[in-house]
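Input: structures, listed below.
Consider the two complexes below, in which chain A is the common component and chain B and chain C are the respective partners.
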Partner chain A sequence: MFSTILEQIVNGIVTGSVYAIVAVGMTMIFGVLRAINFAHGEYYMLGTFGAWFSIDYLGLSYEASIVVGVLSTIVVAYVVGKLVMQRMVGAPAESGVLATLGIALVLQNTVILVFGGGYKFFSGGYIEPVSILGFSLAQQRILILVVCLLVFVGLELMVTYSRMGKSMRAVSQNVDCCEVVGIDVPQVVLRTFILGAALAALSGVLTAPVNVSVYGGMGELITFKTLPIIIMGGLGNVRGTFFAAMILGIAESLVATYVGLQFRDTVGFATLILMLMWRPHGLFSTQARF
Partner chain B sequence: MSLTETAQQIRRRDLRIPLGAVLLVIALAAPFIGSRYVTHSLIIALIFMLPAHGLNLLVGYTGLLSLAQAAFFGIGAYTAGLLAVTYGTPFYVNLLAAGLVAGAIALPLGIPALRLRSTSFVMCTLGFVIIGQAIAKNWISVTRGDMGLSSIPKPHFALGPLSFTVSGTMGFYYLALAIGVLATLAVWAIVRSPAGRNMIAIRENETLAESVGIPTWRYKLIVFMISAVFAGVGGSVYAHYLTVVSPLTFQMYYSTTMLIIVLGGGAGTISGVVFGSLLFVGLTEALRITPELRMIAYGLCLLALVFWFRKGFSPLINRFWDTVGGAK
Partner chain C sequence: MTGLPLLEIKNLRKSYGAVKAVNDVSIHINRGEIAGMIGPNGSGKSTFFDCSTGLAKPDTGTVKLDGQDITGWSLNRIAREGRMLRSFQKTVVFKSLDVEENLIIAGQMFTFPSLWSTFGLGRMSRQRVSGLRERARELIKMAGLWDVRHQPAGNLSGGQQKLIQFASMLMPEPKLILLDEPMAGINPKIIERVVDTILYANKSLGVSFLVIEHNIDVVTSICQRVIVLDQGQKLVEGLPQDIIQDQRVREAYLGG
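After this line comes the complex of A and B, so read on.
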C-alpha cells in the first residue's frame, strides 16, 4: 500500500519534471511579453516529431535525434518569433491570445497534414529498467529527472547572473525603461521565445520514449496542462514553476491511481479555475504582479 | 465656403429594402440553385451562425474574449439529444430546453469566470470546454461516454391534425434559415436597444460605464448567459441535423471556428457574423477542404486579423456597400 503511493509519487515527479521544462519556457515568455503563449505545447510536439522523423526516416540514433528535434524546433521558433512574437511587444492581451492560437492551429495542422493524423510509434530511448532503493525505474525517467534539475539550475544561474537573464528580468519589469537604457526589447523577446520553445522541444524528445506514441494533436494537451502550472507557480516565476509542476504531476498521478485514469486530465483545469479564483498570483508569490 | 471643412457626411441611396429583398430571394432559392452538397454547407453555416451571434454579443459588443462557446454548444446538443432520445420530446421543445439549460449553466460558470480579466478569463473559459468534454466522456450512465447519442430523430412538427417531419436536406435548410433569421433579428433587437448601447459602453471603457451608472457586472453576466443561450440553441439544431452527438462536440475546434467567424466577419457587426459564417464555414464546407487545411487557413486568418485587419473583413463589405449604395 505504502509502496504503491510512493511509486505513484515518484511517477508524478517524473511527469512533473516533463511539465516543468515545458512550463518554465511559457512562464518566461509571459514575463517578457505579458502574453500567454497558447502555442507552447506545439513546440513540444515539433521537437518530438523532429526526433521521430530523424529516427524513422533518417535512421539516426536517439542521441542525435534529440539534437535534430531541438534544432528543428529552434528554426521554426526563430521564424515564428521574427514574424509574430516580436510584433506582440506592447500589444493588447487579446492580440497575444489570438495570434498564438493562430500559430497553434497552423503548426499543429501542418504537421498533421504532412505526417498524417494517426499515432506513430517512437522507437528510441533508454527504456531498460534500473532498480534504485527497491524501485524499478526506467533509465529514461531518471534521465528526465536529471535533465530537469540541470535545466532549472542553469536557468536560475542564467536569470540571476548573465546579461541575457538580467535583460529578461528588466523587460519583464518595464518595457519602456528598457528602451530608455538601451536594451533591445525585440531581441530579448526573440531570444526568450526561442529558449522557451527549445526547452519545450527538449522536454518532448525526452518524454517520447516514455509515452511511446507520437501524434499531431499531442501539443494541445501539453499547452492545457502548462496553463495551471504557470498560474500556480506565479506568472514569470521560474522557481515557483518548478514546484507547481511537481505538485500537478504528483496530483495527477495520485488521481489517476485512486480516482480513475479518465479524471487525470481534468485535474489541471480544475486547479487552474480554482487558482484563478482564489490565488491568481500563484502559490509562491506574496502579491499579484499582474 | 467655410474655412474649416467638417467630415463629409456620406449620403447613400437607400438600397436597404431592394438589397434585402434580393438577399431574401437568394436565400430562399439557394437549395434550388445549388447542389445538395451546397445546401448542406449552407445548413452548417446557418447552424454555426447561432453560437457565433452569441459570441459576437460577448466579444464584439461587450468586449469579453471567450472560448467557452463550444462548451455551451455541446451542452445544448446533449440536452436536445438526451430529451429527444429518452423522452421523445418534439424539436421545438428540445430547442427551447437546450437554450434554457445552456443559459442556466452559464450562470454558475459566469459568476466566477467574469471576475477575471483578459487572459485569465480566456484560460478559464477554455477550461469549461475541456471539463465539459471530460464530463461527456465519463458520465457514461447519462451521456453514454465515447459512444455518444445516436439516432436523434429528425425534427417533427405536429399542429393538431397537421403533422410533418423535416427530413430532407432542403426541408432542413428552410428550418435552419428560419431559425437563423429569427436569431439575427433577436440580436438586432438586443443591439439596437438601450441595453445594446450600454454593452458597447462597457466594451469601450468599463470603469467609465460603471461610473455613469451602468450595472456592468449584471450586464456582463446577462450577456454571458444570452450568448450561452444562442450556443445552446445552435447545439440543439446541430444535434437534430447530424442525428448524433459525441463528446467531440466539446472541442476547441468549435470554439475556434466560432471565434474566427466573429472576428473575421467583424466583431461588433451583425452583418459581419452572417458574412463570416458563410465565408468561414459555408465556403470551406462547400469546397470540401480537409479539416487540416481549413484549420491552417483559420490560423493564418487569425494572424492576419490580429496584425492587419483589426476590424475583420467587414470593412470590405462596407466598401462594397458604399459602391453599390452610391456614396455621394
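After this line comes the complex of A and C, so read on.
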C-alpha cells in the first residue's frame, strides 16, 4: 500500500517536471507581455513532431531528434514572435487572447494538414527500466527529472544574475521605465518568447517516449494544464511555477490511481477554479504582483 | 563639430485632429547648456517633447542630434544609440528592484551586445558590470540615496523615486536629458537635491538639459536660456531674467 503511494508520488513528480518545463516558459512570457499565451502547448506539440519527423523520416537518432525538435520550434517561434508577439507590447489583453488562440489554431491545423490527424507512434527514447531504491523507473523518466532540475537551476541563475534576466524582470515591471533607459522592449519580448517556446518543445521531445503517441491536437490539453500551474505559482514567478507543477503532477497521479483514471484531467481544471476563487495571486505570494 | 548645436529641431508640427498641438516650432540646444521650456498648460510642451524623443511621430519637421537625423527613431533607440534621455511627468522606476539594481539596469544601454554577455559571461562583460556598479554607487551617493540603496524602490517616497529615476538617467553617460516637470509634486528639500544633481551632472558630467518646469524660481536659477511656448508656437526665447519681464509671456500665462 505504502509503496504504491510512493510510486505514484514519484510518477507525479515526473509528470510535474514535464508540466514545469512547459509552464515556466508560459509564465515568463506572461511576465514580459502581460498576456496568457494560449498557443503555448502548440510549441510542445511542434517540438514532438519535429523529433518524430526526424526519427521516422530522416532516420536520425533520438539524441539528434531532440536538437531538431527544439531548433525547428525556435524557427517557428521566431517567425511568430516577429509577426505577432512583438505587436502585443502595450496592446489590450483581449488582443493577446485572440492572437494567441489564432496562432494555436493555425499551428495545430497546419501540422494536421501536413502530417494527417491520426495518432503516430514515437519510437525513440530510453525506455529501459532501471531500479532505484526498490522502484523500477524508465530511464527516460529519470532524464526528464534531471533536465527539469537543470532547467530550473539555470533559469533561476539567469533571472537573478544575467543581463537578459535582469532585462526580463525590468520589462515585466515597467515598460515605460525600460523605454526611458533604453532597453529594447520588443527585443526582450522576442527573446523571452523564443526561450519559452524552446522549453515547451524540449518538454515535448522528452515526454514523447513516455507518452508514445504523437498527434496534432496534443498541445491543447497541455496549454490548459499549464494555466492552473502558472496561476498557482503566481503569474510571472519562476520558482513558484516549479512547486505548483509538482503539486499538480502528484495530485493527478494520486487521483488517477485512487479515484479513477477518467478523473485525472479534472484535477487541473478543479484547481484552476479553486485558485481563481480563493487565491488568484498564487499560492506563494501574499499579494498580487500585477 | 563644436560649432553645431547638440540638438537641433526644425519646423516641428504635430496635430491631433483639428488641434495643432505643436505648430512649426524650431529650437536648438547648445552643448553644455541648461535650457528651460515654459508655457501655460496646453501650450504643447509635452507634445513637443514626445515628438522630439520618438514617443510620437511628428507630422513634419526634423530632429537632429549631434548632426544625425533621429526623426522617427523609437524612444528606446534614441536613448540607447543617441544618448538622449527623457523623463515623464509620472515617475517611472522598477518598483521591486532595489535602488542599486535600478541604476545598474539603466546603465545596460547596450542591452545585448552579444549572446555571451546576455548571460553575464566573459571577462569583458564582468568588467562592464563592475564598472557599472561603481558608477551606480557614485551617483547614489550624490543623489543622497546611499542609506536606502538596498531598499526596493517602491518602498521609498515619491521624491526619492524621482531622485532614483534621475540618477538612473545619468547612468548611461547621456549627452542630453529632457526633463518633463522634474519638480512637480515634490517637497522643497528634494527640489534642492534635484537642482544640485542637475547642476552636478551639467558641470561634472557634461550633460546638457532641456527642462520643462512651472517652478519659475528653479527655471531662473538653473537655466541659461528659456524658451516660451504658447498655443503650439514659440512665443519668445531669451535670458531668464528678460523672459519673466516680457509682457507677451505674462499675457500668455494670464490668458490675455
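FYI, the second predicted complex is superposed on the first by the 290 of 290 C-alpha atoms of A that agree within 3 Å, B and C clash if a C-alpha of one lies under 4 Å from a C-alpha of the other, contacts with A are read in each partner's own complex, and residues count from 1 in each chain.
Note that a contact is a pair of C-beta atoms (placed from the backbone, for glycine too) under 8 Å apart; a residue touches a chain by one contact, two chains touch by 3 or more.
Small disclaimer: the values here were computed from a predicted structure and weren't measured.
Peer 1: Identify the partner contact of A:Ser162: answer first if only chain B is touched, second if only chain C is, both if each is, neither if none is.
Peer 2: second
Peer 1: With both complexes overlaid on chain A, does A:Ser213 touch chain B (first), chain C (second), both or neither?
Peer 2: After superposition on chain A, A:Ser213 lies in contact with neither partner.
Peer 1: State whether A:Ser61 touches chain B only (first), chain C only (second), both chains, or neither.
Peer 2: Touch status of A:Ser61: no partner.
Peer 1: More residues of chain A are touched by which chain, chain B or chain C?
Peer 2: B
Peer 1: Would you sort A:Ser136 into first (chain B), second (chain C), both or neither based on which partner it touches?
Peer 2: Neither partner.
Peer 1: Could you look at A:Ser95 and tell me whether it touches chain B, chain C, both or neither (first, second, both, neither)?
Peer 2: In the superposition, A:Ser95 touches chain B alone.
Peer 1: Quick one: classify A:Asn174 as touching chain B (first), chain C (second), both or neither.
Peer 2: After superposition on chain A, A:Asn174 lies in contact with chain C alone.
Peer 1: After the superposition on A, what does A:Ser123 contact: first (chain B), second (chain C), both or neither?
Peer 2: Neither partner.
Peer 1: Quick check for you: in the superposed arrangement, does A:Thr4 touch first (chain B), second (chain C), both or neither?
Peer 2: neither
Peer 1: Overlap the chain B and chain C contact sets on chain A and report the shared residues.
Peer 2: none
Peer 1: With touch defined as at the start, can you tell me which chain A residues reach chain C in the complex?
Peer 2: 158, 161-164, 166-167, 169-170, 173-174, 176-185, 187-188, 191
Peer 1: Which bits of chain B are touching chain A when the two form their complex?
Peer 2: 65, 112, 115-116, 118-120, 122-124, 126-127, 130-131, 134, 137-138, 252, 256, 259, 263, 290-293, 295-296, 298-303, 305-307
Peer 1: Flag every residue of chain C that touches chain A in the complex, lowest number first.
Peer 2: 55, 74-77, 79-80, 85-88, 90, 92-97, 101, 104-106, 108-109, 111-112, 117-120, 125, 165, 168-169, 171-172
Peer 1: Mind pulling up the chain A residues that touch chain B in the complex?
Peer 2: That would be residues 35-36, 84, 87, 91-99, 101-106, 108-110, 112-113, 117, 220, 224, 227, 231, 260, 262-263, 265-266, 269-270, 272-273, 276-277, 280 of chain A.
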